[in-house]
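Two complexes, one shared chain (chain A), two partners (chain B, chain C).
Now for the complex of A and B:
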């Protein structure tokens, strides 16, 4: 049976396409860009890699109108950044250019320089990923990858995996509230809270496993194992230039990685 | 054209005892058949067997024959069966795919899995939402709905597959009274419009309102069958672990209080 077009058509909230110099890019292009920037920040040593990537992230974030969304990602890097700054500044091996001394340890200039470069690299990496995450909903990425031939199983795994964390957190909160209602202490000392993890983790794990069985049957009842390609709902237009640029970026990133590993980029500051 | 179970015995993989024993039933076009029974009586197993998920998807051993419009469920691929016989489970949340960001996309998953033309996916999705009168939920996040709304979305997802038969496994068991009423009304609407339904349910009032025929299971066997009036008024109902519907309980109470039976409706 073939149906005609429904008068209501594909809803706007499904068909939506974003606009703007960055948001016009296909999700796959954004993913390639994010991974390239993250790799570039790590493999190009010194100041060049992280500073170039940070400048690019700031520019793209401005184009994509992303503002405060970066804050949680920056906060997430904070423990690592602080530990890198402390350890490298005070315990840098073989460094003799002492800036100042506190008790038995001395801060060295070369250690501090390396620490700042490493910290910038971590921040650049985090913000590259954050830019992608903040601008590209998972369903858009999955739809774009499916349009390019990704199978239904990997597409489902990708989509479900991204949604798993918030779902488990929600379930954990519900279980914790239920356990608290039965008198479990989850808010006093660390030791007591640690003991409270066991009655929380048990139902969470068992529930998650049971959910998998139910969900797989429900999916099977909706033809998940049907042969052939799934219907794609969204088609985001993509010009030849973008396609070429994406492949160019992949090749350029691979070249930079090889050049860096081979030591051809040591001349960069 | 019928959904037909012929002397079906089924045992789960690794189980010692059969979960169903020598069960036969038939659902014709536009018929609604209810399955009553206590917990562990075999109601959910019967639903899985009727929908073809057991043994094809979950394993186990089936004796006898299950056919959906003459297709043997043991030899028909699940995606083909899914277009003939849809199944709705108890838990609303775990029936959702966890990958769709809106209700509309959730309901469209089945037709998309079939690889239908986009126009047909759109038509089926809107139609399924319209049948259950939940078009207003189309742009909502499925994970943030109430239990009753989630169950309706799951049902819409099944309806979008356009199955000839609906198997409903205690669709209101996990719902609060408001959700139960919401889903109950929707299922009654489907039955009034001629859907062929096999429904397992603890709530005998819903079975009485919905079904032309009821079978009662106990330890996997059919121990009672007939019209709702016959089965739900049977003196052995409580013995089988089934609560009598409210009118039957009222009638019994009045009779026990000494009211002459001819005066009790």
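Now for the complex of A and C:
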């Protein structure tokens, strides 16, 4: 999902790959790290989990020199953050510590605390995944996973799905323009826009499905359903350190989840 | 094992990424761009489930939400992968049972089916209207417009389903409505704990209007999430199921019949195993 916009406008395959302590990790290691951080932010309640994960994300982003890439991800969390701040501050069940009242609703301190914690949690979660997505081109991730034993079917599904989303979005825009040229109203009241859903979604879905036959024949022609493993052309050397680190992360995350569910982490702020 | 690998033919493997991308694109437009109080992010999941089987459907659903999170356009969709998996699994069961098979009918049978379908829709809405969380004056009560609004939506939905059955002269509309509503109820039950525990009961999409109204009425975080689900999910899944039904009817028979459950989707007269009770 990433790296499309290189500083000098060069395509990905020409640009020099960036390196650094974070970027040198194998894609799978970064995936495990991102999932561990996401889980940590959710299961360690209160302030500790979200703030620790946010600090770690900022540190890793600094190491990986990811800066402006975060902006769209941060903007995407805005609807949620606004929603949770409004609803949980003003409509928090059983909260009595009123801060101030506007009309029929009162803002409560406990509601506000919970809202900020939830917002931080979701931002920490979104950014830990974002850091991974911004530093890992899909093709490298798929190749790395396949080398580690992911079957070719899941590998194809993952790679094709990620590649198809921007393609379908572009196609949706083209269909909208084509229908507008034929007089479809896509920019006025909600009822008129709702009437446009069928002429917009119909061609998109039917067009996508009509590709199924061609694509499956193309895959079959390349021995997609042949038995046995594919041979990997390029292998990357990998130290024992990363393997150990991955397993360590998995075990540690599982331990934190269990401790949190069992209630051993209540003492954390 | 054979049963499992039959669900993942090359054609299905090709369909799954397309279904995932459709889910994400349509869901993103509905939830984030138009901010409607429904989701429309399971058309692809239900399509794969009905064409290929429960495991393929569940895999499509789960992968949709995980990849959606990876694209970063919706920051809190990943944890709902469980709901999406359950939706896909149920769609696979409906596919096995032949729910989405066209069933041409006429005369009394057709009128009866339309009436029953309309009745089911109304039955689904009664618990919403009669739910103390929504109405109990001790809990603060629900805004007064809610009950008339629910009744109007129910009548419109019932009329739409009945009209669909009558105009297309197809009994399948009854089963599709029923399957969609059941899927929606299960989906609501699965998502409510996720929304409540992980996200403080809020999702950042159009459905938050309903959550706010329920909280105002005195519901706690979980009840509000569940109440919102019982409102949005059955409506959403019935719409989605009808979209999938119309899509399947529009696809060429040749293409549909090449999928693992394709033989349960064609308009044949002889009953298939598992669907015999439906006729």
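Things worth noting here:
Rule of thumb we're sticking to: the second predicted complex is superposed on the first by the 249 of 269 C-alpha atoms of A that agree within 3 Å, B and C clash if a C-alpha of one lies under 4 Å from a C-alpha of the other, contacts with A are read in each partner's own complex, and residues count from 1 in each chain.
The rule we apply is simple: contacts are C-beta pairs under 8 Å (C-beta built on N, C-alpha and C of every residue); 3 or more make two chains touch, one makes a residue touch a chain.
Quick caveat: nothing in here was measured; it's all calculated off a predicted structure.
In the superposition on chain A, contact is made by A:142 with chain B only, not with chain C.
Touch criterion not met for A:174: it reaches neither chain B nor chain C.
When both complexes are overlaid on chain A, the residue A:222 reaches chain B alone and has no touch with chain C. By the touch criterion defined above, A:115 reaches chain C but does not reach chain B. In the overlay built on the shared chain, the residue A:97 is in contact with neither chain B nor chain C.
Contacts of A:125 after superposition on the shared chain: chain C is touched, whereas chain B is not.
By the touch criterion defined above, A:42 reaches chain C but does not reach chain B.
Contact comparison for chain A: of chain B and chain C, C touches the greater number of residues. The interface of chain A with chain B overlaps its interface with chain C at residues 1, 156, 159-160, 164, 167, 211, 215-216, 219-220, 224-225.
Those residues of chain B that touch chain A in the shared complex are 48, 51, 53, 57-58, 77-79, 82-83, 86-87, 89, 91, 93-102, 104-105, 108-124, 126-127, 138-139, 143, 154, 157-158, 161.
Contacts from chain A toward chain B in the complex involve residues 1-6, 8-11, 13-14, 137-139, 142, 152, 156, 159-160, 163-164, 167, 170, 210-211, 214-233.
By the touch criterion stated above, chain C contacts chain A in their complex at residues 8-11, 13-18, 20-22, 24-26, 29, 32, 34, 43, 63, 67, 69-76, 78-79, 198-205, 208, 211-212, 215-216, 218-221, 224, 247, 250-251, 255. Note for the complex: chain A touches chain C at residues 1, 38, 42, 72-73, 76-77, 79-84, 86-88, 91-94, 104-105, 114-115, 118, 121-123, 125-126, 129-130, 132-133, 153, 156-162, 164-165, 167-169, 172, 190, 193, 201, 204-206, 208-209, 211-213, 215-216, 219-220, 224-225.
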